[in-house]
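Before I ask anything, let me first share the structure, which is written out below as structure tokens.
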Amino acid sequence: MSAPGFILVIAVAVLYSSGFYLLLQRSLMRVVFGITALGHAANISLLLTDEAITLPPLLTGHEGELSDPLPQAMTLTAIVITFGVTTFLLALAYRVWLGDGNDEVPNDVEDRRIKQLSEPEDSA
Amino acid sequence: MTSMIVRAPLHWLAAQLPTVLWLTTMWVLLWGDLAIGTIIAGAVVASLCYAAARLPVIPVRLRFRPLRVLRLASAIGLDLLTSSVRVAFHVLWRPRQVRGAIVEVPMRTDSDFLLAMTSSALSLVTGSVVIELNRSEGVVYVHGLPIESERAVARLRRQARTTEELFAHAFGTSEDIAKFEHEAEGTDRKEER
Amino acid sequence: MTILDYAYTATFVMLTLGVAFTLFRLVRGPSVLDRIICLNVISVLLVSFVAIEVALRGDVTYLGLMVTIALLGFVGPLIASRFAERRAHDRG
Amino acid sequence: MTAADWVTAVLMPVGALFSLIGIIGLVRFPTLLSRLHAATKPDTVGVILILAGAAFQLPDIRSAAPLALVALFQFVSVPTLGQTLGRVAYSRGMAAPEHLVVDELADALKDAEGAEPEQPETG
Amino acid sequence: MLIFALVLHAAFAVLLPPLVRVLGARVFFVASLPPALAVLWALSQAPRIVSGRPISASVAWVPALDISLDFRVDALALAMVVLVSGIGAAIFCYSVGYFHADERGIGRLASVMVLFSGAMLGVVTTDNLFALYVFWELTSVTSFLLIGHDDRKEQARRAALQALVTTVGTGLFMLVGFILLGGIGGTFRISELVADPPTDSPWLPVALVLILVGAFAKSAQAPLHFWLPAAMVAPTPISAYLHAATMVKGGVYLVARLAPGFADVDPWRALVLTVGLATMLVGGWRALRQDDLKLLLAYGTVSQLGFLIVLGGTGTQVAAAAMIGTLLAHGFFKSTLFLTVGVIDHQTGTRSIAALTGIGRRMPVLAGAGALAAASMAGLPPLIGFVGKEAALEAFLPGHVPAPSPAAAGVMLAGLVVGSILTFAYSARFVWGAFADKETVSERRFQSPSWAFVTAPVLLSAAGLLLGVAPQAADAVAQSYAAPLPVGDKPYHLALWHGFGPTLGLTALVIAAGALLFAARRTVEQAQKALARWPEAELGYHLFVHAIYAAALSVTRRLQSGSLSVYLGVILATMLALPGVRLVAALVNGDLRLPFGSEEFRIWDSPLEGVVAVVLIVATIAVAREHRRFPALIMLGALGFGVAGLFVLHGAPDLALTLILVETLTMIILVFVLRRLPSTFNVRPNGWTKRFTVLLCSAAGTFIAVTLWLMTDARTATPISGGFAERAEEVGGRNLVNVILVDFRALDTFGEIVVLATAAVAVASLVLLNRRSRVMEQNGAETPEENGAETEDAKEGTAGPRAGIGTKEILGNDLRPDGAHQPNEGGE
Amino acid sequence: MNLLLVIPFLVPLVGAAVTLLLRRTPRAQQAASVLVLAAVVVDAALLLAKTAGGTVATSQAGAWEAPLGITIVADALSALLVLVSSVVLLVVLLYAIGQDIGGLSRAMPQVFHPIYLVLTAGVCLSFLAGDLFNLFVGFEVMLTASYALITQAPTRARVRASMIYTVVSLTSSILFLTGVALVYGLTGTVNMADIAEKLGAAPEELRMVLALLFLVVFGIKSALVPMHFWLPDSYPVAITRISAIFAALLTKVAVYAIIRSQTLLFGRDDISAVLLWMAIATMIVGILGALVQDDINRVVAFTLVSHIGYMIFGLGLNTVAGIAGVVIYLVHHIVVQASLFLVNGLIRQYVGHTSLRAVRGLTTVSPALALFFLLPAMSLAGLPPMSGFVAKVALFKAGIEAGGWLVYLGVVAGVLTSLLTLMAIFRIWVRGFWGTPMPDMVEARAQLRSGSSRAGLRFTTAMTGVMVGVGITVAVMAGPLTDIAFTAARELLDPSAYIDAVLQKGPS
């Protein structure tokens, strides 16, 4: 009985899909949004490894089934880690803005140069 | 704002201490235990929220009159309820035709705190939202809903002033009240004329 | 089912409808201010849902959570609206 | 069904109804300022009623304290948010004059502009 | 002792460079000590070795991989040691005269030469395939460095790289061959493999061909010979030592080393004989038309190496004996000739036949030594060259030998005779070209060489004479080496006189025809010019290198797009291609089944889940579709509340609480960043790219969700968390999540805090500290080392890395016409 | 609590806090960092001595028994990698200190030292984690530190590079977390030994899907083709000390994770074909990229990609010899990449940049520099007697022993890659080290000789020499190293000892 309900499977699919889609955009801000969405998706995935309707994992003597506390603990750690890293990414976006006036991830310069070569530079 | 934090964090903290303390107390209250960690976390969160929200600096200088407060609370509660019902009615009944008004209400108190309280309460009650607060001239501009006529405008203005009065009596210092009543006389006279 | 259960169900159904309408406004906009309002409404709805949960279980566990949602649920929209204000200022 | 249950059974649906109607207003009202009214006021009443309903299901009165705190926050948040949003909406010209009986702020601004080229201080 | 000698080489290599300041070019005297010691030691052990008791030594290196420095000096090794170290010592002494004291990098040169000498000593004395490869490639690398000694010449750099790529590249084939051979033979000791070859393995021919490829390239066999003439740009002592006397013999040595065990394995003999003979003829023919004496010798070397490969690879006693004789002969005469050319070049400043005249008169001693060596090369008695060639012709006389079929032997014999004729002709041409008086050429002014400079060639040519007059010494070695090989009709000994027989007749034929060919040198030259030039072997190398670079460019410019979104898209595609396809396949095959229709299947566990799910779905899609920053941010907030709702629903209030806190903080930070950025994103137009992106992302998302569904559905074991509840009582905690965080998995929590703190420091250093530096810059307190991004950003592409050295100056305008950016500009 | 096991990550973390406090006193800060890393080196050596024979050392953090608490585990592989990594970290740290003394870098020491130590902790924790989620945390600690480090001295190019680096790493992290969720969903545990046992009962196909997903997760971080593109665009741009450590260690941590997960968790050789194909693609695509680069750092970065292919090839063989080859290659490659990047840093110091279009005649500029480049270059090209040769032989030998057409194809690709590596790396030598130095370069060198940064320059050069020396030591010690590698490989292919030690089933 630990598989989640179908509607949540769909929700997870949508979360991941949209997260990936945002990740593939040029604007770093959208990438941040994507990372956030993906973080949610992963956290929900962790949580969905447990039965849905359960009591909070507290030893209060209430009747009923307790939630599995381990995924919750891991999710908690993951939430905080994702937050820290997202913050860094935002700081980076700020730096990019300082330099470029926007927050786009530009293509690599050296790759671009090589792309434009028609002949190898060292052909004996 | 951040630059301010960076430049003189201590100074900034000192200035905001009361508010932060209040928020921290809330935090501790909500966690329900008095552990050091909770307090620190609360202080941090409070400071952050505060810094982020850029709440106004409120010099706290007030009294507390229980009976008056009770009266105030009930008045506000009642107002809230009735205004809710009115708005609810208009939601259901021809919402496209509902009209409002932006009304200028000169305030009589010069206590920032009372002004803030009043304008907050005004936003809650009487189908109004304060959209502009000119502190230097002591004028608030209230958006009221629904307002069909000039009479309703006057009613709104009157109600706003009543609210101010209630607040002054509940929380104002004696000077506040004294000053208030003095000014109130003048205004009343003005209105009578 | 007791009357109370019917009451809960009714409450639940109405709040769910509320969620649906809010989502509609959230997505439709048209202005960002509408969306900010919706964000706040959602947080309030969340509080309401949790309140049902509390009532159902007669359990104090969620109370702290409710306070947090109530507090922070308005901080977010508030920040956003401050920002919107600044934007408007910059443009004007 | 105890008495407390009865109270809850009344308060909760009524609160939910308030909330719902407010939200319907959020959808149906034509102007931003009116939507703001709809979203804030009935909603506040609604949530407070629901909270009250929930409070009656709690084991003791002490544990209901946080619920009061929630209500209090609601009282603080609604005006603050309303004021900010209202101001922004107005300054962005979203006040929709055709839906206003009078706009004394506009008059005041016009006067101020005429008298001295200084905008009223905001916030 | 052998190991000591090797270590001594290495030690001297380290010691020599600092000594140059004191000794100048005389440092080469010092350098000659290790090889001299080695050859003396080898000679002292000669009787014992020749009598069939090889000397062994061993140093373990990587026993688990059978890489071990085993040494074994037998007769063949002895002959090679004499060549390698003996000639080495002589050439080092010669170098004292050749190099000026102010020669650039003389210490480095001496050092690398000694290293080479040691490596070569290792090649010829080791008994382990891997150790052989080690020393082998060490000679390749040292050879590379020596060819490129004059690194300011484009030609030298090119030749060095060409030699390196050719020899190391083919060396890799050899390495694989070694591994195969050792694998099937069960040992990596050469002596054991040769003694007991794993002939029943089908992989043996493959291994041998791979090994031969390496050997052929090292010994400059056609068509891989091109690198050797090009390598002649090196200083002459190096050409003489590496590219005539020793290194190029590596391949010959290896062939000779393995022949006793593997000559009978197809296609060894066919390969060795064909390639060797072809090389001998091609080299000889090409040598006939060279004007540069050094190139003449180089092509002569190619030819001789072909000859040696034939002899070493045949695998009969006579051929083996001939190989030993010719090996020694070639070592001595070819080094002599190179040194002679070196002296001529050094004194006169030219090596061109067309520009030299009267050298014989002016430098009679040198001319004598050169002529003697050339005679040995031409195969004239009583020199060791003659002894070797006699034996070689004998080896292929039909009926005398068991191994090659009579027809093949006949062809080989004819080929060898033709090759020898060519050899005679170019030997004569060399003597004439170097020493003769030519009327057409005007004489140059030059000084006579010092005695020390001439000593080495004289000694080396004398050694050739000595060995010829007294071939017993060489014969003893030859007999010892040839002993395990199949015997012909009668035992054969290296000697000057075998009586009148077919070989003597053939020798006479060679001399006569060779003399004729020399006399007709004009005609031959014209004939060579007139013949359509066949494609140069070097062209193959260039085509190979060009193909590699072209492929590299076309692959890289297509793949390395530089675009982050493409990179991430490819990552997603990979995820779909690997686990995704696997999952779909399993679903299609019916190995896995989605829970539809099973008892497990539920739309939701509570209608509230439906509400939450709808919030999640709507908010997420809205975020993804929104192209205005601010509304997207609001939707993201709504999404956060939705997730929090799910958490509440699933009994995780702590998570909901933390999430809302974190969401709020994120929103605050986002707003701070956001307010600086433009209000809308640059959105790409709708097109197939966008549609494809949507498709890809949806597929990836669906894959993960379905996998999650299946995984949770298939759970077999109960979660371990059951244990936490009981243990929590012990600790005294009631909130299990808290207990796990602070107790059971405190380490994770600790890590989480570290992450947070680190991120905070990173953010601070990225945002705050640099702001300070910006302020500094505004105040004009600009120092190139300390200023942050801003100044540098402004100067990107031209920014000076440090201390006032601008990249601009360094790069120069002509080098960077497009003002291209340096990806890592700005130094540190 | 086994102290030996926790020192490698706890001490650096404490050190990070201390160095943060000491940020106003550079000397003390430097001393503290060096001391911390030296302690880790010593500890790692002791740990290796303990585990080299095949003992699995475990420590239950917080004394909670295995599946409940977090287990720290060191087998031969972990201990070996911790030792090599800490040595490299120490030498690079000294190099960095030399730069700071000479004012040769724009990095901010006050931030650099603490974060560098955090990175150390992350790397060590990743190697020692016996718990999948803890491995995730270790990765995150390492990565967060790396995000902070890659933006040191943030030029525009570096910010651009760090965007690519960070976003790709984050993607991998998210997928990792997803993977943890999936594993927990299937098995209900995160202890790796426990997972290994419980996965046995899981449906075969699901196990394979997980195995492949984790291959992708760690494949991103270890830059397996086609998930490698980000690496050459980001590593070479960072400042020397950072790119050296990134190139040397970070990808190797990911390779370690691939090894650990594919042997211990998912096991068996169903996935071998995939690994071999990826290995072949990685080797070839990587080295082709290296051939067309203009910047020395980028050449080396592309060879890094390419040579990851060697390691995956060895893993794909799924034999003791193959995995032993991987272990040897790991150790070799860690040191050699660090050496090359340090040398490139020296070049940058001496002449200002590392573009092959504008660097000539470095042998003339500095013979020591030339020697320090040549030796690791030889090693990278697999030329004897350097460590690269031993590693290559180990892999080729294992490949030829294993057999099969795909494996032979892999060997052929390996041979070709070896040759192309030689061409790529000696192209640097021929173009950059030989020839007539440009006048500016000579001038720059002369200025440096007389300038105030002289001491720092000498020190950095010496430290580069030390790193090269470490490489030579690896070659000399190849015998014992190989023995350890074989022990490690046997442990990996038969994880019963590991599982028993972690779950405390038998006497350990």
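We call the chains A, B, C, D, E and F, going by the order they appear; numbering starts again at 1 in every chain.
Here is the rule we go by: a residue touches a chain if its C-beta (ideal position, glycine included) is under 8 Å from a C-beta of that chain, and two chains touch if they have at least 3 such contacts.
This structure is a prediction, so every number in the text was calculated from the model and none was measured.
Trainee: Touching both subunit A and subunit F: give me those chains, sorted by label.
Mentor: E
Trainee: Taking all protein C-alpha atoms shown, work out their mean, then name the chain whose own C-alpha mean is nearest to it.
Mentor: Chain F is the most central one.
Trainee: From the C-alpha centre of subunit B to that of subunit D, how far is it in Å?
Mentor: Centre separation, subunit B to subunit D: 13 Å.
Trainee: Which integer distance in Å separates the CA centroid of subunit A from that of subunit D?
Mentor: Centres of subunit A and subunit D (C-alpha means) sit 35 Å apart.
Trainee: So, what's the distance in Å between the C-alpha centres of subunit C and subunit A?
Mentor: Going by mean C-alpha positions, subunit A sits 24 Å from subunit C.
Trainee: Averaging over Cα atoms per chain, report the distance between subunit D and subunit E in Å.
Mentor: Roughly 78 Å, centre to centre.
Trainee: For subunit B, write out the residues touching at least two other chains, lowest number first.
Mentor: Residues 26, 29-30, 49, 52.
Trainee: Scan subunit D for residues touching two or more other chains and write them down.
Mentor: Within subunit D, residues 22, 24, 36, 40, 44, 66, 69, 76, 80, 85, 87, 89 contact more than one other chain.
Trainee: What are the residue numbers in subunit F that touch two or more other chains?
Mentor: 133, 137, 140, 144, 147-148, 151, 154, 156-157, 159, 161, 163-164, 167, 171, 178, 181-182, 184-185, 188, 233, 291-292, 295, 298, 427
Trainee: Would you pull the subunit A residues touching subunit C in the complex into a rising list?
Mentor: Residue positions touching the partner: 55-56, 58, 60, 62.
Trainee: Residues of subunit C touching subunit E in their complex?
Mentor: Touching subunit E from subunit C are residues 12, 16, 19-20, 23, 26-27, 29, 32, 35-36, 38-39, 42-43, 46, 49-50, 53, 61-62, 64-65, 68-69, 72-73, 75-77, 79-80, 82-84, 86-87.
Trainee: Would you tell me which residues of subunit B are touching subunit D in their complex?
Mentor: 26, 29-30, 56, 80-81, 83-84, 87-88, 90-92, 95-96, 98-104, 119-124, 127, 129-137, 139, 141, 143, 145, 147-150, 152-153
Trainee: Enumerate the contact residues on subunit B facing subunit E in the complex.
Mentor: Against subunit E, the touching part of subunit B is residues 2, 6, 45, 48-49, 52.
Trainee: Where on subunit D does subunit C make contact in their complex?
Mentor: Listed in rising order, the residues of subunit D that touch subunit C are 1, 5-6, 8-10, 12-13, 15-17, 19-20, 22-24, 26-27, 32, 35-36, 39-40, 43-44, 46-47, 50-51, 53-54, 56-59, 63, 66-67, 69-70, 73-74, 76-77, 80-81, 84-85, 87-89, 91-92, 94.
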